[in-house]
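Before any comments, here is the structure.
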(Lines give C-alpha, C1' and ligand atoms only; values in the text may rest on other atoms or scores of the structure.)
Protein backbone atom coordinates (compact mmCIF):
# COMPACT_ATOMS: atom_id res chain seq x y z
CA UNK A 1 0.00 0.00 0.00
CA UNK A 2 1.72 3.15 -1.21
CA UNK A 3 2.31 6.35 0.67
CA UNK A 4 -0.06 6.42 3.59
CA UNK A 5 0.62 9.59 5.51
CA UNK A 6 -0.08 9.37 9.23
CA UNK A 7 -2.43 12.11 10.48
CA UNK A 8 -0.79 11.85 13.89
CA UNK A 9 2.99 12.38 13.91
CA UNK A 10 3.08 10.52 17.20
CA UNK A 11 1.22 7.55 15.72
CA UNK A 12 3.64 4.95 17.01
CA UNK A 13 3.26 6.05 20.60
CA UNK A 14 -0.53 6.05 20.23
CA UNK A 15 -0.46 2.46 18.98
CA UNK A 16 2.04 1.25 21.58
CA UNK A 17 0.18 2.91 24.45
CA UNK A 18 -3.15 1.37 23.40
CA UNK A 19 -1.53 -2.03 22.93
CA UNK A 20 -0.04 -1.80 26.40
CA UNK A 21 -3.41 -0.85 27.92
CA UNK A 22 -5.20 -3.91 26.54
CA UNK A 23 -4.79 -6.37 29.37
CA UNK A 24 -6.08 -9.27 27.27
CA UNK A 25 -3.00 -8.97 25.06
CA UNK A 26 -0.85 -9.25 28.16
CA UNK A 27 -2.72 -12.39 29.21
CA UNK A 28 -1.89 -13.91 25.83
CA UNK A 29 1.70 -12.64 25.81
CA UNK A 30 1.44 -10.82 22.48
CA UNK A 31 4.35 -8.59 21.51
CA UNK A 32 4.01 -5.53 19.31
CA UNK A 33 6.94 -5.58 16.90
CA UNK A 34 6.66 -3.17 13.98
CA UNK A 35 4.49 -0.05 13.75
CA UNK A 36 4.42 1.90 10.50
CA UNK A 37 1.75 4.12 9.00
CA UNK A 38 -1.04 1.73 8.04
CA UNK A 39 0.93 -1.35 9.06
CA UNK A 40 1.69 -3.34 12.19
CA UNK A 41 3.32 -6.63 13.02
CA UNK A 42 2.60 -8.52 16.23
CA UNK A 43 4.14 -11.73 17.50
CA UNK A 44 2.71 -14.34 19.86
CA UNK A 45 5.13 -16.93 21.29
CA UNK A 46 3.77 -20.43 21.83
CA UNK A 47 2.59 -21.37 25.31
CA UNK A 48 0.52 -24.41 26.29
CA UNK A 49 -2.23 -22.10 27.58
CA UNK A 50 -2.80 -20.80 24.05
CA UNK A 51 -3.61 -24.14 22.46
CA UNK A 52 -6.64 -26.19 21.49
CA UNK A 53 -7.09 -29.94 21.82
CA UNK A 54 -4.38 -30.83 19.28
CA UNK A 55 -1.71 -28.62 20.74
CA UNK A 56 -1.94 -26.05 17.95
CA UNK A 57 -2.60 -22.38 18.61
CA UNK A 58 -6.31 -21.95 19.37
CA UNK A 59 -8.38 -20.24 16.68
CA UNK A 60 -9.49 -17.70 19.27
CA UNK A 61 -5.88 -16.62 19.80
CA UNK A 62 -5.43 -16.40 16.04
CA UNK A 63 -8.62 -14.37 15.68
CA UNK A 64 -7.48 -12.05 18.44
CA UNK A 65 -4.25 -11.38 16.56
CA UNK A 66 -6.22 -10.69 13.38
CA UNK A 67 -8.53 -8.29 15.19
CA UNK A 68 -5.82 -6.27 16.88
CA UNK A 69 -3.47 -6.20 13.89
CA UNK A 70 -6.23 -4.60 11.85
CA UNK A 71 -7.22 -2.27 14.64
CA UNK A 72 -3.71 -0.98 15.22
CA UNK A 73 -2.96 -0.64 11.50
CA UNK A 74 -6.09 1.52 11.32
CA UNK A 75 -5.24 3.48 14.48
CA UNK A 76 -1.80 4.34 13.11
CA UNK A 77 -3.50 6.44 10.41
CA UNK A 78 -5.99 8.25 12.64
CA UNK A 79 -5.69 11.79 14.05
CA UNK A 80 -4.40 12.14 17.60
CA UNK A 81 -7.86 12.85 19.01
CA UNK A 82 -9.31 9.57 17.74
CA UNK A 83 -9.33 6.06 19.02
CA UNK A 84 -10.25 2.90 17.18
CA UNK A 85 -13.21 0.54 17.48
CA UNK A 86 -13.56 -2.80 15.72
CA UNK A 87 -16.74 -2.84 13.66
CA UNK A 88 -16.33 -6.36 12.31
CA UNK A 89 -13.79 -8.78 10.98
CA UNK A 90 -13.69 -12.13 9.24
CA UNK A 91 -11.18 -14.84 10.04
CA UNK A 92 -10.29 -17.68 7.66
CA UNK A 93 -8.21 -20.44 9.23
CA UNK A 94 -6.04 -21.87 6.45
CA UNK A 95 -3.64 -24.29 8.14
CA UNK A 96 -2.97 -25.55 11.67
CA UNK A 97 -1.36 -22.95 13.91
CA UNK A 98 1.72 -25.07 14.46
CA UNK A 99 5.15 -23.75 15.35
CA UNK A 100 7.02 -21.75 17.95
CA UNK A 101 5.11 -18.51 17.45
CA UNK A 102 2.48 -16.79 15.38
CA UNK A 103 3.15 -13.52 13.63
CA UNK A 104 0.35 -11.36 12.28
CA UNK A 105 0.74 -8.57 9.76
CA UNK A 106 -2.07 -6.06 9.41
CA UNK A 107 -2.29 -3.49 6.65
CA UNK A 108 -4.81 -0.76 5.84
CA UNK A 109 -6.20 -1.16 2.33
CA UNK A 110 -8.50 1.86 2.53
CA UNK A 111 -8.43 4.62 5.09
CA UNK A 112 -11.41 6.97 5.21
CA UNK A 113 -12.34 9.68 7.67
CA UNK A 114 -14.64 7.37 9.65
CA UNK A 115 -13.88 3.83 8.50
CA UNK A 116 -10.65 2.02 7.72
CA UNK A 117 -10.57 -1.38 6.03
CA UNK A 118 -7.63 -3.67 6.77
CA UNK A 119 -6.29 -6.96 5.50
CA UNK A 120 -4.50 -9.29 7.90
CA UNK A 121 -2.37 -12.42 7.50
CA UNK A 122 -1.15 -14.75 10.23
CA UNK A 123 1.96 -16.90 9.79
CA UNK A 124 3.14 -19.82 11.90
CA UNK A 125 6.87 -19.60 12.57
CA UNK A 126 8.71 -22.90 12.57
CA UNK A 127 11.79 -23.54 14.68
CA UNK A 128 13.82 -23.15 11.49
CA UNK A 129 12.40 -19.68 10.96
CA UNK A 130 10.17 -20.74 8.05
CA UNK A 131 6.80 -19.01 7.83
CA UNK A 132 3.56 -20.79 6.89
CA UNK A 133 0.45 -18.76 6.15
CA UNK A 134 -2.14 -20.10 8.58
CA UNK A 135 -4.93 -17.50 8.64
CA UNK A 136 -6.22 -14.50 6.72
CA UNK A 137 -8.65 -11.80 7.73
CA UNK A 138 -10.49 -8.77 6.43
CA UNK A 139 -11.96 -6.21 8.78
CA UNK A 140 -13.60 -2.82 9.27
CA UNK A 141 -12.47 -0.35 11.94
CA UNK A 142 -14.02 2.94 13.04
CA UNK A 143 -12.47 6.17 14.28
CA UNK A 144 -14.30 7.56 17.31
CA UNK A 145 -13.47 10.54 19.54
CA UNK A 146 -11.17 9.81 22.46
CA UNK A 147 -13.08 10.03 25.71
CA UNK B 1 -33.75 -24.56 14.47
CA UNK B 2 -36.21 -27.40 14.81
CA UNK B 3 -35.52 -31.08 15.17
CA UNK B 4 -31.82 -31.60 14.59
CA UNK B 5 -31.07 -35.22 15.36
CA UNK B 6 -27.59 -35.85 16.77
CA UNK B 7 -25.63 -38.48 14.83
CA UNK B 8 -23.73 -39.27 18.01
CA UNK B 9 -25.89 -40.31 20.98
CA UNK B 10 -23.01 -39.34 23.23
CA UNK B 11 -22.80 -35.87 21.65
CA UNK B 12 -22.75 -34.01 24.94
CA UNK B 13 -19.72 -35.89 26.23
CA UNK B 14 -17.93 -35.30 22.93
CA UNK B 15 -18.52 -31.56 23.22
CA UNK B 16 -17.63 -31.37 26.92
CA UNK B 17 -14.43 -33.41 26.48
CA UNK B 18 -13.24 -31.25 23.60
CA UNK B 19 -14.09 -28.08 25.50
CA UNK B 20 -12.10 -29.35 28.47
CA UNK B 21 -9.11 -30.17 26.27
CA UNK B 22 -8.84 -26.65 24.83
CA UNK B 23 -6.43 -25.04 27.24
CA UNK B 24 -7.04 -21.58 25.81
CA UNK B 25 -10.61 -21.73 27.09
CA UNK B 26 -9.23 -22.51 30.54
CA UNK B 27 -6.92 -19.50 30.32
CA UNK B 28 -9.95 -17.33 29.64
CA UNK B 29 -12.13 -19.01 32.24
CA UNK B 30 -14.95 -19.91 29.86
CA UNK B 31 -17.67 -22.21 31.20
CA UNK B 32 -19.69 -24.55 29.02
CA UNK B 33 -23.30 -24.31 30.18
CA UNK B 34 -25.85 -25.87 27.84
CA UNK B 35 -25.22 -28.53 25.17
CA UNK B 36 -28.11 -29.59 22.96
CA UNK B 37 -28.14 -31.01 19.43
CA UNK B 38 -27.05 -28.10 17.26
CA UNK B 39 -26.92 -25.65 20.15
CA UNK B 40 -24.51 -24.62 22.89
CA UNK B 41 -24.32 -21.87 25.47
CA UNK B 42 -21.03 -20.74 27.00
CA UNK B 43 -20.43 -18.17 29.72
CA UNK B 44 -17.35 -16.06 30.40
CA UNK B 45 -17.18 -14.26 33.76
CA UNK B 46 -15.52 -10.84 33.79
CA UNK B 47 -11.88 -10.62 34.87
CA UNK B 48 -9.51 -7.68 34.42
CA UNK B 49 -7.24 -9.84 32.27
CA UNK B 50 -9.99 -10.15 29.65
CA UNK B 51 -10.39 -6.45 28.99
CA UNK B 52 -9.24 -3.85 26.49
CA UNK B 53 -8.21 -0.27 27.21
CA UNK B 54 -11.69 0.87 28.33
CA UNK B 55 -12.26 -1.99 30.72
CA UNK B 56 -14.77 -3.72 28.47
CA UNK B 57 -14.35 -7.32 27.37
CA UNK B 58 -11.71 -7.44 24.64
CA UNK B 59 -12.98 -8.13 21.12
CA UNK B 60 -10.57 -11.06 20.93
CA UNK B 61 -12.31 -12.70 23.89
CA UNK B 62 -15.67 -12.05 22.26
CA UNK B 63 -14.45 -13.49 18.96
CA UNK B 64 -13.13 -16.57 20.76
CA UNK B 65 -16.56 -17.17 22.27
CA UNK B 66 -18.16 -16.80 18.84
CA UNK B 67 -15.70 -19.23 17.29
CA UNK B 68 -16.09 -21.94 19.89
CA UNK B 69 -19.86 -21.60 20.25
CA UNK B 70 -20.20 -22.24 16.53
CA UNK B 71 -17.66 -25.04 16.60
CA UNK B 72 -19.31 -26.90 19.47
CA UNK B 73 -22.83 -26.40 18.06
CA UNK B 74 -21.51 -28.02 14.88
CA UNK B 75 -19.65 -30.80 16.72
CA UNK B 76 -22.82 -31.74 18.62
CA UNK B 77 -24.35 -32.88 15.32
CA UNK B 78 -21.38 -34.83 13.99
CA UNK B 79 -20.87 -38.62 14.12
CA UNK B 80 -18.73 -40.00 16.92
CA UNK B 81 -15.74 -40.57 14.65
CA UNK B 82 -15.52 -36.92 13.62
CA UNK B 83 -14.00 -33.86 15.13
CA UNK B 84 -14.59 -30.25 14.17
CA UNK B 85 -12.37 -27.65 12.50
CA UNK B 86 -13.18 -23.98 12.12
CA UNK B 87 -13.10 -23.02 8.44
CA UNK B 88 -13.96 -19.37 8.94
CA UNK B 89 -16.16 -17.04 10.93
CA UNK B 90 -17.20 -13.41 10.92
CA UNK B 91 -17.59 -11.32 14.05
CA UNK B 92 -19.65 -8.13 14.23
CA UNK B 93 -19.16 -6.15 17.44
CA UNK B 94 -22.48 -4.38 18.12
CA UNK B 95 -22.10 -2.79 21.54
CA UNK B 96 -19.42 -2.54 24.25
CA UNK B 97 -18.81 -5.80 26.09
CA UNK B 98 -19.80 -4.30 29.43
CA UNK B 99 -21.16 -6.25 32.38
CA UNK B 100 -20.34 -9.06 34.76
CA UNK B 101 -20.12 -11.77 32.15
CA UNK B 102 -20.57 -12.58 28.49
CA UNK B 103 -22.81 -15.38 27.34
CA UNK B 104 -22.64 -16.75 23.82
CA UNK B 105 -25.29 -18.87 22.13
CA UNK B 106 -24.32 -20.81 19.03
CA UNK B 107 -26.80 -22.58 16.79
CA UNK B 108 -26.42 -24.66 13.65
CA UNK B 109 -28.48 -23.24 10.78
CA UNK B 110 -27.42 -25.88 8.27
CA UNK B 111 -25.71 -29.18 8.97
CA UNK B 112 -24.26 -31.05 6.02
CA UNK B 113 -22.09 -34.14 5.87
CA UNK B 114 -18.89 -32.12 5.58
CA UNK B 115 -19.78 -28.52 6.47
CA UNK B 116 -21.99 -27.04 9.15
CA UNK B 117 -22.97 -23.36 9.18
CA UNK B 118 -23.70 -21.74 12.53
CA UNK B 119 -25.06 -18.44 13.77
CA UNK B 120 -23.78 -17.02 17.04
CA UNK B 121 -24.90 -14.20 19.36
CA UNK B 122 -23.03 -12.80 22.35
CA UNK B 123 -24.84 -11.03 25.18
CA UNK B 124 -23.39 -8.90 27.96
CA UNK B 125 -24.95 -9.78 31.31
CA UNK B 126 -25.54 -6.84 33.63
CA UNK B 127 -25.45 -7.17 37.41
CA UNK B 128 -29.26 -7.02 37.30
CA UNK B 129 -29.34 -10.04 35.01
CA UNK B 130 -30.35 -8.03 31.95
CA UNK B 131 -28.88 -9.17 28.65
CA UNK B 132 -27.61 -6.80 25.95
CA UNK B 133 -26.75 -8.15 22.52
CA UNK B 134 -23.13 -7.12 21.98
CA UNK B 135 -21.87 -9.25 19.09
CA UNK B 136 -23.11 -11.51 16.30
CA UNK B 137 -21.29 -14.01 14.17
CA UNK B 138 -21.73 -16.36 11.25
CA UNK B 139 -19.30 -19.21 10.64
CA UNK B 140 -18.45 -22.36 8.74
CA UNK B 141 -17.22 -25.56 10.43
CA UNK B 142 -15.88 -28.77 8.94
CA UNK B 143 -16.14 -32.38 10.06
CA UNK B 144 -12.82 -34.21 9.79
CA UNK B 145 -11.85 -37.72 10.90
CA UNK B 146 -10.65 -38.05 14.48
CA UNK B 147 -6.95 -38.80 14.58
CA UNK C 1 -36.23 -7.13 16.62
CA UNK C 2 -38.77 -5.33 18.76
CA UNK C 3 -39.80 -1.71 18.66
CA UNK C 4 -37.46 0.07 16.32
CA UNK C 5 -38.76 3.59 15.85
CA UNK C 6 -38.16 5.04 12.38
CA UNK C 7 -36.42 8.43 12.44
CA UNK C 8 -38.12 9.27 9.16
CA UNK C 9 -41.93 9.10 9.21
CA UNK C 10 -41.82 8.72 5.45
CA UNK C 11 -39.39 5.80 5.69
CA UNK C 12 -41.34 3.54 3.37
CA UNK C 13 -41.30 6.04 0.53
CA UNK C 14 -37.57 6.59 1.02
CA UNK C 15 -36.94 2.86 0.72
CA UNK C 16 -39.27 2.36 -2.25
CA UNK C 17 -37.85 5.35 -4.14
CA UNK C 18 -34.27 4.15 -3.67
CA UNK C 19 -35.22 0.62 -4.66
CA UNK C 20 -36.87 1.95 -7.81
CA UNK C 21 -33.78 4.03 -8.68
CA UNK C 22 -31.41 1.05 -8.59
CA UNK C 23 -31.49 -0.10 -12.16
CA UNK C 24 -29.60 -3.30 -11.38
CA UNK C 25 -32.58 -4.49 -9.36
CA UNK C 26 -34.78 -3.88 -12.39
CA UNK C 27 -32.40 -5.92 -14.54
CA UNK C 28 -32.81 -8.80 -12.10
CA UNK C 29 -36.55 -8.33 -11.72
CA UNK C 30 -36.51 -7.99 -7.93
CA UNK C 31 -39.75 -6.91 -6.26
CA UNK C 32 -39.88 -5.01 -2.99
CA UNK C 33 -42.65 -6.55 -0.92
CA UNK C 34 -42.71 -5.51 2.72
CA UNK C 35 -41.13 -2.42 4.28
CA UNK C 36 -41.30 -1.96 8.04
CA UNK C 37 -39.02 -0.08 10.42
CA UNK C 38 -35.82 -2.12 10.43
CA UNK C 39 -37.22 -4.82 8.19
CA UNK C 40 -37.74 -5.47 4.49
CA UNK C 41 -38.77 -8.40 2.33
CA UNK C 42 -37.83 -8.67 -1.33
CA UNK C 43 -38.82 -11.32 -3.84
CA UNK C 44 -37.02 -12.45 -6.99
CA UNK C 45 -38.99 -14.62 -9.44
CA UNK C 46 -37.04 -17.30 -11.30
CA UNK C 47 -35.83 -16.51 -14.82
CA UNK C 48 -33.29 -18.47 -16.86
CA UNK C 49 -31.06 -15.38 -17.00
CA UNK C 50 -30.59 -15.53 -13.21
CA UNK C 51 -29.13 -19.02 -13.09
CA UNK C 52 -25.74 -20.69 -12.91
CA UNK C 53 -24.62 -23.84 -14.71
CA UNK C 54 -27.02 -26.16 -12.85
CA UNK C 55 -30.11 -24.06 -13.39
CA UNK C 56 -30.24 -22.85 -9.79
CA UNK C 57 -30.28 -19.18 -8.89
CA UNK C 58 -26.75 -17.81 -9.27
CA UNK C 59 -24.93 -16.99 -6.06
CA UNK C 60 -24.40 -13.46 -7.35
CA UNK C 61 -28.15 -12.94 -7.53
CA UNK C 62 -28.50 -14.35 -4.02
CA UNK C 63 -25.72 -12.09 -2.75
CA UNK C 64 -27.37 -9.09 -4.38
CA UNK C 65 -30.59 -9.86 -2.51
CA UNK C 66 -28.68 -10.15 0.74
CA UNK C 67 -26.90 -6.86 0.14
CA UNK C 68 -30.00 -4.85 -0.69
CA UNK C 69 -32.20 -6.42 1.98
CA UNK C 70 -29.68 -5.32 4.59
CA UNK C 71 -29.26 -1.91 3.02
CA UNK C 72 -32.97 -1.16 2.87
CA UNK C 73 -33.62 -2.50 6.38
CA UNK C 74 -30.92 -0.07 7.54
CA UNK C 75 -32.24 2.82 5.41
CA UNK C 76 -35.72 2.41 6.89
CA UNK C 77 -34.34 3.52 10.27
CA UNK C 78 -32.31 6.49 9.06
CA UNK C 79 -33.31 10.18 9.18
CA UNK C 80 -34.79 11.69 6.03
CA UNK C 81 -31.57 13.53 5.16
CA UNK C 82 -29.49 10.34 5.05
CA UNK C 83 -28.89 7.71 2.47
CA UNK C 84 -27.33 4.30 2.93
CA UNK C 85 -24.00 2.83 1.80
CA UNK C 86 -22.99 -0.80 2.08
CA UNK C 87 -19.78 -1.09 4.08
CA UNK C 88 -19.48 -4.86 3.86
CA UNK C 89 -21.48 -8.04 4.01
CA UNK C 90 -20.90 -11.76 4.25
CA UNK C 91 -22.91 -14.32 2.33
CA UNK C 92 -23.17 -18.00 3.31
CA UNK C 93 -24.78 -20.20 0.68
CA UNK C 94 -26.54 -23.01 2.57
CA UNK C 95 -28.50 -24.92 -0.05
CA UNK C 96 -29.07 -24.75 -3.81
CA UNK C 97 -31.23 -21.82 -4.87
CA UNK C 98 -33.89 -24.06 -6.35
CA UNK C 99 -37.53 -23.14 -6.77
CA UNK C 100 -39.84 -20.64 -8.41
CA UNK C 101 -38.53 -17.59 -6.57
CA UNK C 102 -36.17 -16.40 -3.88
CA UNK C 103 -37.38 -14.30 -0.99
CA UNK C 104 -34.97 -12.40 1.23
CA UNK C 105 -35.76 -10.98 4.64
CA UNK C 106 -33.43 -8.36 6.08
CA UNK C 107 -33.58 -7.12 9.64
CA UNK C 108 -31.58 -4.56 11.59
CA UNK C 109 -30.00 -6.08 14.69
CA UNK C 110 -28.30 -2.87 15.81
CA UNK C 111 -28.94 0.63 14.58
CA UNK C 112 -26.45 3.32 15.53
CA UNK C 113 -26.13 6.92 14.42
CA UNK C 114 -23.55 6.06 11.78
CA UNK C 115 -23.59 2.29 11.36
CA UNK C 116 -26.41 -0.23 11.23
CA UNK C 117 -25.80 -3.99 11.38
CA UNK C 118 -28.30 -6.27 9.68
CA UNK C 119 -28.96 -9.97 9.45
CA UNK C 120 -30.40 -11.42 6.25
CA UNK C 121 -31.91 -14.78 5.27
CA UNK C 122 -32.79 -15.98 1.79
CA UNK C 123 -35.42 -18.65 1.19
CA UNK C 124 -36.14 -20.64 -1.94
CA UNK C 125 -39.87 -20.86 -2.61
CA UNK C 126 -41.07 -24.16 -4.03
CA UNK C 127 -44.07 -24.43 -6.33
CA UNK C 128 -46.01 -25.74 -3.31
CA UNK C 129 -45.22 -22.57 -1.37
CA UNK C 130 -42.74 -24.30 0.93
CA UNK C 131 -39.72 -22.22 1.98
CA UNK C 132 -36.19 -23.61 2.23
CA UNK C 133 -33.47 -21.53 3.84
CA UNK C 134 -30.78 -21.28 1.18
CA UNK C 135 -28.50 -18.41 2.28
CA UNK C 136 -27.71 -16.26 5.30
CA UNK C 137 -25.86 -12.99 5.56
CA UNK C 138 -24.55 -10.46 8.05
CA UNK C 139 -23.66 -6.94 6.97
CA UNK C 140 -22.70 -3.41 7.96
CA UNK C 141 -24.36 -0.33 6.48
CA UNK C 142 -23.48 3.34 6.87
CA UNK C 143 -25.63 6.47 6.96
CA UNK C 144 -24.20 9.27 4.84
CA UNK C 145 -25.64 12.68 3.96
CA UNK C 146 -27.87 12.80 0.90
CA UNK C 147 -26.18 14.65 -1.92
CA UNK D 1 1.21 -17.24 -4.49
CA UNK D 2 4.01 -19.55 -5.49
CA UNK D 3 3.83 -22.56 -7.75
CA UNK D 4 0.27 -23.80 -7.75
CA UNK D 5 0.15 -26.84 -9.97
CA UNK D 6 -3.20 -27.46 -11.65
CA UNK D 7 -4.58 -30.94 -11.02
CA UNK D 8 -6.42 -30.72 -14.34
CA UNK D 9 -4.20 -30.05 -17.39
CA UNK D 10 -7.31 -28.79 -19.16
CA UNK D 11 -8.09 -26.37 -16.33
CA UNK D 12 -8.60 -23.37 -18.59
CA UNK D 13 -11.28 -25.09 -20.64
CA UNK D 14 -13.03 -26.23 -17.46
CA UNK D 15 -13.14 -22.65 -16.19
CA UNK D 16 -14.20 -21.14 -19.52
CA UNK D 17 -16.93 -23.73 -20.07
CA UNK D 18 -18.40 -23.18 -16.61
CA UNK D 19 -18.21 -19.40 -17.03
CA UNK D 20 -20.06 -19.71 -20.34
CA UNK D 21 -22.75 -21.90 -18.77
CA UNK D 22 -23.62 -19.37 -16.06
CA UNK D 23 -26.36 -17.39 -17.71
CA UNK D 24 -26.35 -14.76 -14.98
CA UNK D 25 -22.86 -13.71 -16.07
CA UNK D 26 -24.20 -13.27 -19.59
CA UNK D 27 -27.02 -11.09 -18.28
CA UNK D 28 -24.41 -8.86 -16.65
CA UNK D 29 -22.06 -8.92 -19.62
CA UNK D 30 -19.03 -10.18 -17.69
CA UNK D 31 -15.99 -11.20 -19.73
CA UNK D 32 -13.50 -13.80 -18.61
CA UNK D 33 -10.05 -12.47 -19.42
CA UNK D 34 -7.16 -14.34 -17.82
CA UNK D 35 -7.18 -17.90 -16.48
CA UNK D 36 -4.07 -19.24 -14.78
CA UNK D 37 -3.64 -21.93 -12.13
CA UNK D 38 -5.16 -20.40 -9.00
CA UNK D 39 -5.86 -17.07 -10.66
CA UNK D 40 -8.51 -15.47 -12.84
CA UNK D 41 -9.30 -12.00 -14.09
CA UNK D 42 -12.81 -10.96 -15.17
CA UNK D 43 -13.96 -7.68 -16.64
CA UNK D 44 -17.41 -6.06 -16.54
CA UNK D 45 -18.03 -3.13 -18.89
CA UNK D 46 -20.29 -0.35 -17.61
CA UNK D 47 -23.93 -0.40 -18.63
CA UNK D 48 -26.77 1.64 -17.14
CA UNK D 49 -28.55 -1.59 -16.13
CA UNK D 50 -25.67 -2.42 -13.76
CA UNK D 51 -25.93 0.70 -11.63
CA UNK D 52 -27.47 1.82 -8.36
CA UNK D 53 -29.14 5.14 -7.60
CA UNK D 54 -25.97 7.23 -8.04
CA UNK D 55 -24.98 5.75 -11.35
CA UNK D 56 -22.11 3.73 -9.90
CA UNK D 57 -21.83 -0.01 -10.36
CA UNK D 58 -24.30 -1.70 -8.01
CA UNK D 59 -22.78 -3.50 -5.04
CA UNK D 60 -24.60 -6.65 -6.14
CA UNK D 61 -22.72 -6.61 -9.44
CA UNK D 62 -19.48 -6.08 -7.55
CA UNK D 63 -20.28 -8.92 -5.16
CA UNK D 64 -21.09 -11.19 -8.10
CA UNK D 65 -17.66 -10.49 -9.58
CA UNK D 66 -16.03 -11.25 -6.24
CA UNK D 67 -17.95 -14.51 -5.90
CA UNK D 68 -17.17 -15.82 -9.36
CA UNK D 69 -13.54 -14.68 -9.39
CA UNK D 70 -12.95 -16.70 -6.25
CA UNK D 71 -14.92 -19.63 -7.55
CA UNK D 72 -13.07 -19.83 -10.84
CA UNK D 73 -9.66 -19.33 -9.22
CA UNK D 74 -10.54 -22.31 -7.02
CA UNK D 75 -11.92 -24.39 -9.90
CA UNK D 76 -8.72 -23.88 -11.89
CA UNK D 77 -6.86 -25.95 -9.27
CA UNK D 78 -9.38 -28.78 -8.96
CA UNK D 79 -9.20 -32.22 -10.61
CA UNK D 80 -11.15 -32.72 -13.83
CA UNK D 81 -13.90 -34.69 -12.11
CA UNK D 82 -14.75 -31.88 -9.69
CA UNK D 83 -16.85 -28.80 -9.89
CA UNK D 84 -16.90 -25.84 -7.54
CA UNK D 85 -19.49 -24.60 -5.05
CA UNK D 86 -19.35 -21.31 -3.19
CA UNK D 87 -19.47 -21.95 0.55
CA UNK D 88 -19.32 -18.31 1.61
CA UNK D 89 -17.66 -15.03 0.82
CA UNK D 90 -17.30 -11.58 2.33
CA UNK D 91 -17.41 -8.38 0.32
CA UNK D 92 -15.97 -5.06 1.52
CA UNK D 93 -16.93 -2.09 -0.63
CA UNK D 94 -14.03 0.37 -0.40
CA UNK D 95 -14.82 3.13 -2.90
CA UNK D 96 -17.62 3.95 -5.36
CA UNK D 97 -17.67 1.66 -8.38
CA UNK D 98 -17.10 4.53 -10.80
CA UNK D 99 -15.51 4.23 -14.23
CA UNK D 100 -15.91 2.52 -17.57
CA UNK D 101 -15.53 -1.01 -16.30
CA UNK D 102 -14.80 -3.13 -13.26
CA UNK D 103 -12.04 -5.70 -13.25
CA UNK D 104 -11.82 -8.39 -10.59
CA UNK D 105 -8.76 -10.48 -9.81
CA UNK D 106 -9.24 -13.64 -7.79
CA UNK D 107 -6.41 -15.69 -6.36
CA UNK D 108 -6.27 -18.89 -4.34
CA UNK D 109 -4.41 -18.40 -1.07
CA UNK D 110 -4.88 -21.99 0.12
CA UNK D 111 -5.97 -24.96 -1.90
CA UNK D 112 -6.93 -28.10 -0.02
CA UNK D 113 -8.50 -31.32 -1.22
CA UNK D 114 -11.99 -30.21 -0.27
CA UNK D 115 -11.83 -26.47 0.39
CA UNK D 116 -10.02 -23.64 -1.36
CA UNK D 117 -9.74 -20.16 0.13
CA UNK D 118 -9.44 -17.21 -2.24
CA UNK D 119 -8.76 -13.51 -1.99
CA UNK D 120 -10.39 -11.15 -4.47
CA UNK D 121 -9.90 -7.48 -5.40
CA UNK D 122 -12.11 -5.36 -7.64
CA UNK D 123 -10.76 -2.30 -9.45
CA UNK D 124 -12.68 0.46 -11.18
CA UNK D 125 -11.12 1.32 -14.53
CA UNK D 126 -11.17 5.00 -15.44
CA UNK D 127 -11.35 6.22 -19.02
CA UNK D 128 -7.62 7.00 -18.72
CA UNK D 129 -6.89 3.38 -17.84
CA UNK D 130 -6.17 4.15 -14.19
CA UNK D 131 -7.26 1.50 -11.70
CA UNK D 132 -8.85 2.31 -8.34
CA UNK D 133 -9.31 -0.45 -5.78
CA UNK D 134 -13.05 -0.40 -5.01
CA UNK D 135 -13.78 -3.71 -3.28
CA UNK D 136 -12.03 -6.63 -1.59
CA UNK D 137 -13.28 -10.06 -0.74
CA UNK D 138 -12.32 -13.28 1.00
CA UNK D 139 -14.16 -16.52 0.32
CA UNK D 140 -14.35 -20.27 0.76
CA UNK D 141 -15.05 -22.66 -2.13
CA UNK D 142 -15.72 -26.40 -2.10
CA UNK D 143 -14.83 -29.14 -4.57
CA UNK D 144 -17.74 -31.49 -5.20
CA UNK D 145 -18.09 -34.37 -7.68
CA UNK D 146 -19.36 -33.43 -11.11
CA UNK D 147 -22.86 -34.74 -11.65
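Letters are used for the chains, namely A, B, C and D, taken in the order the chains are written, and counting of residues starts over at 1 for each.
The definition used in the following text is that a residue touches a chain if its C-beta (ideal position, glycine included) is under 8 Å from a C-beta of that chain, and two chains touch if they have at least 3 such contacts.
Everything numeric in this text was worked out from a predicted model, so none of it was measured.
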item	value
Centroid-based (C-alpha) most distant chain relative to subunit A	C
Pair sharing more residue contacts (C-beta pairs) when A-C is set against B-C	B-C
Whole-Å gap separating subunit B and subunit C, where each centre is the average of the chain's CA atoms	28
Euclidean distance of C-alpha centroids - subunit C vs subunit D, Å	22
Subunit A-subunit C separation of Cα centroids, rounded to whole Å	32
Residues of subunit D touching at least two other chains	87-88, 90, 92, 117, 140
Residues of subunit C touching subunit A in the complex	87-88, 90, 114-115, 117, 138, 140, 142
List of subunit D residues in touch with subunit C within their complex	18, 21-28, 48-54, 58-61, 63-65, 67-68, 71, 83, 85-93, 147
Subunit B to subunit C touching residues, read off their complex	90, 92, 94-95, 109-110, 117, 119, 133, 136-138, 140
